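Letters A, B and C name the chains as they come in the text, with residue numbers starting at 1 for each one.
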Amino acid sequence: MSKSLLIIGGGGHASVLIDILRQQKREIVGIVSPQAVAESNVFEGINVFLKDEDVFEFDKSSIKLVNGIGPMPKNDLRAIIFSKFKAIGYEFETVVSDNSIISLYANLEEGVQVLPGAIIQTDALIGANSIINSGAIIEHGCIIGRNNHIAPGATLSGQVHTRESVHVGTGASVIQNINIERDVVIGAGAIITSDVEPRTICYPARAVRKVIK
Amino acid sequence: MSKSLLIIGGGGHASVLIDILRQQKREIVGIVSPQAVAESNVFEGINVFLKDEDVFEFDKSSIKLVNGIGPMPKNDLRAIIFSKFKAIGYEFETVVSDNSIISLYANLEEGVQVLPGAIIQTDALIGANSIINSGAIIEHGCIIGRNNHIAPGATLSGQVHTRESVHVGTGASVIQNINIERDVVIGAGAIITSDVEPRTICYPARAVRKVIK
Amino acid sequence: MSKSLLIIGGGGHASVLIDILRQQKREIVGIVSPQAVAESNVFEGINVFLKDEDVFEFDKSSIKLVNGIGPMPKNDLRAIIFSKFKAIGYEFETVVSDNSIISLYANLEEGVQVLPGAIIQTDALIGANSIINSGAIIEHGCIIGRNNHIAPGATLSGQVHTRESVHVGTGASVIQNINIERDVVIGAGAIITSDVEPRTICYPARAVRKVIK
């Protein structure tokens, strides 16, 4: 009943998505990856195509795409891939791990990816092509923009609002009712307690180190 | 078999609790909220009462109350509501998400609320009217006082002991064997490695920001 | 079919493991603990042996050991117990909570312990005798060395590589592709954004405190 899937990208992020999709017994018709796919048993037995144009071999109405391009702060390849194929008429599958916890009152736009252990609470809205990574927490009433990456273990308290292309790093925390404007990068472990202007990088105090005597 | 529920409060925290209770097919006889309830489909079709006194329309033995007042550091409305209606003879329901992980050897006192993805380990004890919020971790042997709020993504290591009215902020971490006295506020993301005196606020170094060139 | 288990250690960590094993209906033939076992209903009805040598009462082929010694930074008792009984020919059971999330493409070596709510992603490898504690996140492609402790709520991003005897503290965050050499202690809440040399302690800025007026 659900359509076959064509994965774009063959790195670590793609491997995590395919892991989820294999558990859900989804049919994967191939991976499109100009670079060699990462070494992983998860890719075993899947056809690899080398050019983005190979996507056109597949009919828009018979498959859905999965955006397997990994999220990188200040690199918009992932967003470009999404826009490009949407413009041509392809649809992107929303990938949701069976091991995530999503409120029945939350909404996910097209192409959203929710990884294992992630929590999305009541009335949250997740914008198109965004990733809620492993164990990340999106509290009640959050509005997450398009092309966001909420990294593993990050926590957004109630009613946080992020605009387009925001990256919230690993283990970062944002308190309630905060607005984060577009193209912001919140560093790993950073703690955000006031609104953030567009195109801002927020990074935390670095850990101090000493060698054990 | 389980009693009908009357919810006190109609904001974001109430919405999260009702979301859980609806999944558990609990009967909700109404929401008591002097202010307009938050905009959420979760409230749809539930009667709204406007005065605290409307609670008295319901017989103490036929319903249980749910404390839907959101936790706020340095504001004890939530605790007052609990004490007031307990004194009159009402009982508060303990609300536990089916998506939380609670040891069979842990104990929860009356009115405790455990939200999705929270973990409560072996031999932990959670005091009356406390909230263990989404994805928070309470390790083995922790003793959590009454009227506490352990915010989303906070982690309390083994045998941490908190007294009454402690607030542990979003993503905060407390190492093992720490005592936290009453009326303490641990800020979001703070890291606690020694005991904390009563009525203390602990806050972490703020994130540094710069605008991307 | 699965073998009976003999637990070494009777403190908080042992209680958490026995809690998991009881849920899995595993037969526990005893606890070996020179010190009094911790007060916990979880130990109820289990025989206690007082000397390490009591292990020899049990045939190597008929039981498996469980390393219940708690992890402590800069204390290698847990590693010594593992090596000592392995050298004699005993096997250690791998203990995995039913409430953890482990990719089918991840690998766990002998004696690994994965506690409730922990997440281990695609292609991760966990070295012998290591603990992935409650709610910790091990992202795709991580290689975790032997005798590691990844504490509750810690997050290791993709392709982090730790060597032997590394301790990652409660709520700590490590960004992707980081190498952490042997005998490193990452303090609770520390944020690691570059490689760490052997025998280093990394600790974060302490929280600032003030008493509420």
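The rule is simple: contacts are C-beta pairs under 8 Å (C-beta built on N, C-alpha and C of every residue); 3 or more make two chains touch, one makes a residue touch a chain.
According to UniProt, the chain labels map to these proteins: A, B, C = Acetyltransferase.
Being a predicted model, the structure only gives us computed values, none of them experimental.
Undergrad: Work through the pairs of chains, note which ones touch, and then classify the graph as line, ring, star, complete or other.
TA: Its topology is that of a complete graph.
Undergrad: What rotation angle, rounded to the nearest 5 degrees, superposes the C-alpha atoms of chain A (Acetyltransferase) onto those of its identical copy chain C (Acetyltransferase)?
TA: 120
Undergrad: Distance from the CA centroid of chain B (Acetyltransferase) to that of chain C (Acetyltransferase), rounded to the nearest Å?
TA: Centre separation, chain B (Acetyltransferase) to chain C (Acetyltransferase): 30 Å.
Undergrad: Identify all positions of chain A (Acetyltransferase) at which a residue touches two or more other chains, and write them in rising order.
TA: Each of 117, 135, 153, 171-172, 187, 189, 204-205 in chain A (Acetyltransferase) touches at least two other chains.
Undergrad: Can you list the chain C (Acetyltransferase) residues touching chain A (Acetyltransferase) in their complex?
TA: Within the complex, chain C (Acetyltransferase) contacts chain A (Acetyltransferase) at residues 74, 101, 103-105, 117, 119, 121-123, 135, 137, 139-141, 153, 155, 157-159, 171-176, 183, 185-187, 189-193, 196-197, 199-205.
Undergrad: List the residues on chain A (Acetyltransferase) that touch chain C (Acetyltransferase) in their complex, please.
TA: Residues of chain A (Acetyltransferase) touching chain C (Acetyltransferase): 12-13, 15-16, 19, 22-23, 38, 40-42, 99, 115-117, 134-135, 151-153, 169-172, 187-189, 204-212.
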